[in-house]
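In what follows, chain A forms one complex with chain B and a second complex with chain C.
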Partner chain A sequence: MILLDVKNLTLEMDIAGDWIKALDKVNLVINEGQIHALVGESGSGKSIIVKAIVGALPSHWRITADRMTWRGQNLLTMSLKKRRQLIRNDISVIFQNPIDSLDPLLTLGDQLKEMIPKTNLTKGWFWERNKQKQDIAISLLHKVGIKNHELCLKSYPHQIASNVIQKFMIAMAVASEPKLIIADNPTKGMEVTTKTQILNLLSRINQVRDMSILFVSHDLLAISSMASYMTVLYCGQTVESGDLRLLRKRAFHPYTKALLDSAPSFRKDLPAKSALTSLEGTIPTLHHLPTGCRLGPRCPRARRECVIMPVSRRVHNHYYSCHFPIHRDTK
Partner chain B sequence: MLNILLRYTNLIIITLFILSLLSFALAYLFPGDPIEIMTGLKLEELQKLQNQSVNIGYDPEGGVLSQYGHYMSELFSGNWGVSFNSGQPLYEEIMQSLPASIELSAYALTISLILGLPLGFIAALRHHKLPDYTLLSFSVVGYSIPVFWLALILILVFSLHFGWLPLSGRLSLIFDVPNKTGFILIDILMSDIDNKHAVLLDALRHLILPTLSIAIVTTTLILRITRRSVIETLNSEFIQAAYARGLTTRQVLVRHGIRNALIPILPLLAMQFPTLLTNAMIVETIFSWPGIGSWLIQAIYQQDYSAIQAGMLAVSVFVVLFTMSIDMLLRLTDPKRKKVERGTI
Partner chain C sequence: MELFKVEDLIFNNQKQNFWSNTPATYELGPVSFNLKAGETLAIIGGNSSGKSLLAKLLVGLERPNSGRILMNGVEINNADLTSSCHDIRMIFQNSNESLNPGLTLGAILEEPLRLNTKLDTQQRNNLVVKTLRKVGLMSDHQFFYRHMLSDGQRQRVALARALILNPKVVVADEPFAALDPSVRSQAVNLLMQLQKDLGIGFIFISHNLGIVRHISDKVIVMQDGKVIESGKTEVIFTWPKAEYTKKLVDAHQALVNRQGS
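For the complex of A and B:
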């Protein structure tokens, strides 16, 4: 069943008087029980998509979409109150900077208990409820692998090590028992052992609790170890999306190919001491976005037609937007 | 905790020590003999007292250090000398006028807090909308008006033109309230005079104009500080995150917004206190309010050096103690600055 269906999401922000499309016709479909990876370079708008989904964007940015539904309910026309309620029940976000996204003046315990939905509390009196909340909080911490719950619950965010706080964020996300967890770059700047712990934790949550995960990252290794479906984002445009294994075997879009090639561990045929491949140039700034396909200036296969935005095409369950996809060559 | 207390005590003691040095130095900087300025007595009178074998500890031959030591011991024993002009002991005069000033500033500060904080919140919550612009333009106007001019205008309109409120003073001359604490409202409530109610009403009527003229400026200040801080807090990441977690606007504001917005405001408010006191001094002079401000300005007019020296010391000590203790209180209660205790979790 389709949980989240986003079609042609466009977000315009006002930068020095110009309306600039930070997101340009982004498509994203998340199914139930799926781990969906959203990949892109830094600055490609991954975090903005996340914020657009949960409605945490500044109100003066313009958001338009052909379709943005959550289990059939339209998120864009919904009242703010209803939308918050829906997000509180069904969607949780693990933010990129755990420490910044926690209230610095409240203990972690208070903030975790705030996320426990009232419907999970069975007892009547408030002291019983508080006790029950405490118990739920402790068991949540144990589930994400924090053993010293007492110290953790009564600490303030700045007093806790960053890997613990990342686990704590996961506990917070799980607390409301959502259908979808959006993990925005949860392994940012972590060493391998902690990263593995976090990734295992997320996969386990996906399997045991049947929660979908939208895994936003640029870490291809992490993605390939857990995700089943991948959407590639470049500069605010969805470039290609499809089953991860198929995508790895044969990418249609030049950018996806370049992205996969840039990760050495993905290429078994890479000879020793050969130069690593990478695309020329860097991702353009918001002020100097190319028209049409935004990869244009960097694309090895670009031709004149590329100044017109290619429409999204579909081969089975595999979507791509390119005038000159790679599979055409092989014919 | 103890560490912080010790550090602040240390800071206060050092600051007060420097203040006492400055005040001591004033005696040498003012024209006239230092001993005259410190005691408020003329040299001949001192000589006379010395001859009458009254031990006043006057030793013109002693070094500066022993003079300073003596000065300090007299300060602490409450012997601050006498005024050149009135011949009254300065300690008593200051202890009578300082409470009047504190009272006036306290009421003004209370009113500005009651008005300024909510208005600042309203402006920030309606950022870039009509209420924000309206409040902001009012605050710019209020902030730009000089206090003395505002006080005069208020007198002109409400006392002279309409005749609604009294022109000056703390209390109508027909009433006589025994002076106990120096705070007029408390004195009235504590005294057992007839028609207490009428006296209280009269005191309040006298309070309105001076309080208002100080409060308007301070309110605009507080409004602007609050507005800025609230806007910054609301734009911070954890507020956005709280929204993204599906909390309602009210929950976000009450649980996360207010506390975080207030924490950076309070030290700034404490820093506004000297400005407030300065404004109060000016307003006191205009309304002939018997506070430390008008008393000091009177002393300056009359070149009453001993009074200036003692008055400045008293006011500055009061300001230092007040601001530092607020600072310390905030430092002790701010969880963000709690010592990081990283245990293995």
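For the complex of A and C:
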């Protein structure tokens, strides 16, 4: 069943009097029980998509979409109150920087207890509620692998090691038993052993509790170890999306290919110290976005037609938008 | 002949706590390694394992308690920093914040020349332009400010600042961490190219084991201020001996192997 269905999401920002399209016709479909990876470099609008889904964007930005539904209910026409209710129950977000996104003045225990929905505490009298909340909080911490729960619940965010606090964020996200967890760059700046712990934890949550995960990152190694479906984003345009294994075997879009080639760990035959393949140039800023396909100026296969925005095309379950895809012309 | 040699470097940081009599200590080392011209050494290890501190000791930002740092067989004297400033340069962890936002790139790059060489204005300017070209920027970039550049370009400026005095060794603290994948491979390529052309020794700290494996010749693994393993990259990645190294390499391999399954 389709949980989240976003079609042609466009977001315009007002920068110095100009309306600039920060997101340009983004498509995203998340199925139930799936780990969906959203890949893109910084400034490609990954975090903006996350915020657009949960509705945390400033109201003066223009958001338009052909379709933006959550289990069949339209998110755009819904009243604000209802949307908040829905998102509180069904979606939770693990934000990018755990220490910054927690309240520094409250203990972690208070913040975790706040996340437990009231509906989980029906039995008992009101004076038993606090005890119940405490028990639920402790069991949540145990589930994400924090053993020293007492210390963790009493501490303030700055007192806790960064890998523990990341696990704590996951516990907070799981607390309301959502259908979808959005993990915004959860492994940023981590060393390998902690990273594997976090990834294992997320995959386990996905399997045991049947929660879908939208995994937003640019760490391809982490993504390919857990995700099953991948959407690649470049400068606010969805470039390619499809089954991860298929995508890795044969990418249609030059950008996806470049992205996959840029990680040396993917290629076992690569001799040490040889040059890595990379695209020329850098990511354009929002003020100087090229027209048409935004990869245009950096693309090795760009031709004159590329100034027109390519239509999204589909081969089986594999969507791509490029005028001159890589594997097609070899036939 | 070794270009750069470190012998039994030990650093002891004692902080006297106001309330208690037992001072909090952090010990680093003993660290010893050597580096030939054109070689790359990678330092890996967990958080607070003393990697950044080691980098600071090597460039002379902190003074070691004992041990020697030899450059071409001559000991670097901490009292005479000008020669070590010429030979060892550092790229800092966050290239964004290590550039002064109030100065143009030309002024940023000129500063080490003004402080360390006897060149006149014209010569300095020529050298700045030449170095900018070397790292793949244009000569017009000397009039730019930091905020006008992208991440990758900032990284190039940080590299240019390290290279402008023609160093023999460059020490870099997580040079690729803040970069995006496609820009990162550009930076890696640029570094390897410059290393091939100029024959500099390169010491870098990284979390990204994929890149470490790709570009380094030797690896040092650190934990809690101690070197627990060191040797050739291939050897360490294929036959790790210490428990911690095994954990690191296994975790990395597990990530690599799990894809596609």
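In this section, the second predicted complex is superposed on the first by the 325 of 331 C-alpha atoms of A that agree within 3 Å, B and C clash if a C-alpha of one lies under 4 Å from a C-alpha of the other, contacts with A are read in each partner's own complex, and residues count from 1 in each chain.
Just so it is clear, a residue touches a chain if its C-beta (ideal position, glycine included) is under 8 Å from a C-beta of that chain, and two chains touch if they have at least 3 such contacts.
In this text, all values refer to a predicted model and were calculated from it rather than measured experimentally.
J.: For A:V29, using the defined touch cut-off, is the partner it touches chain B, chain C, both, or neither? Pick first, second, both or neither.
T.: In the superposition, A:V29 contacts neither chain B nor chain C.
J.: Would you check which partner chain A:I283 touches, where first means chain B only, second means chain C only, and both and neither mean what they say?
T.: Only chain C; A:I283 stays clear of chain B.
J.: Touch check for A:L106: first (chain B), second (chain C), both, or neither?
T.: After superposing on A, A:L106 lies in contact with chain B but is clear of chain C.
J.: Which partner does A:I138 reach: the first (chain B), the second (chain C), both, or neither?
T.: neither
J.: I'd like to know which partner A:A258 touches here: chain B for first, chain C for second, both or neither.
T.: Once the two structures are laid over each other on A, A:A258 reaches chain C alone.
J.: Give one of first, second, both or neither to describe whether A:I326 is in contact with chain B, with chain C, with both, or with none.
T.: A:I326: touches no partner chain.
J.: Where on chain A do chain B and chain C both make contact?
T.: none
J.: Can you list the chain B residues touching chain A in their complex?
T.: Spelled out, the residues of chain B in touch with chain A are 235-238, 240-248, 255-256, 259-260, 263, 335-336, 338, 340-345.
J.: Which residues of chain C touch chain A once you look at their complex with the stated criterion?
T.: Per the stated touch rule, the residues are 46-47, 150-153, 177, 180-186, 188-189, 192-193, 207, 209-211, 213-215, 233-234, 247-248, 251-252, 254-256, 258-260.
J.: Per the contact definition, I'd like the list of chain A residues that touch chain B in the complex.
T.: So the residues of chain A in touch with chain B come to 51, 54-56, 58, 81, 84-89, 91-93, 95, 97, 100-107, 114-115, 146-148, 151-152, 155-156, 158-161, 164, 172, 176.
J.: Taking the touch rule as given, give the residues of chain A at its contact with chain C in the complex, in rising order.
T.: 41-42, 162, 189-193, 195-196, 199, 218, 220-222, 224-226, 245, 248, 258-259, 261-266, 270, 272-273, 275-279, 282-283, 285
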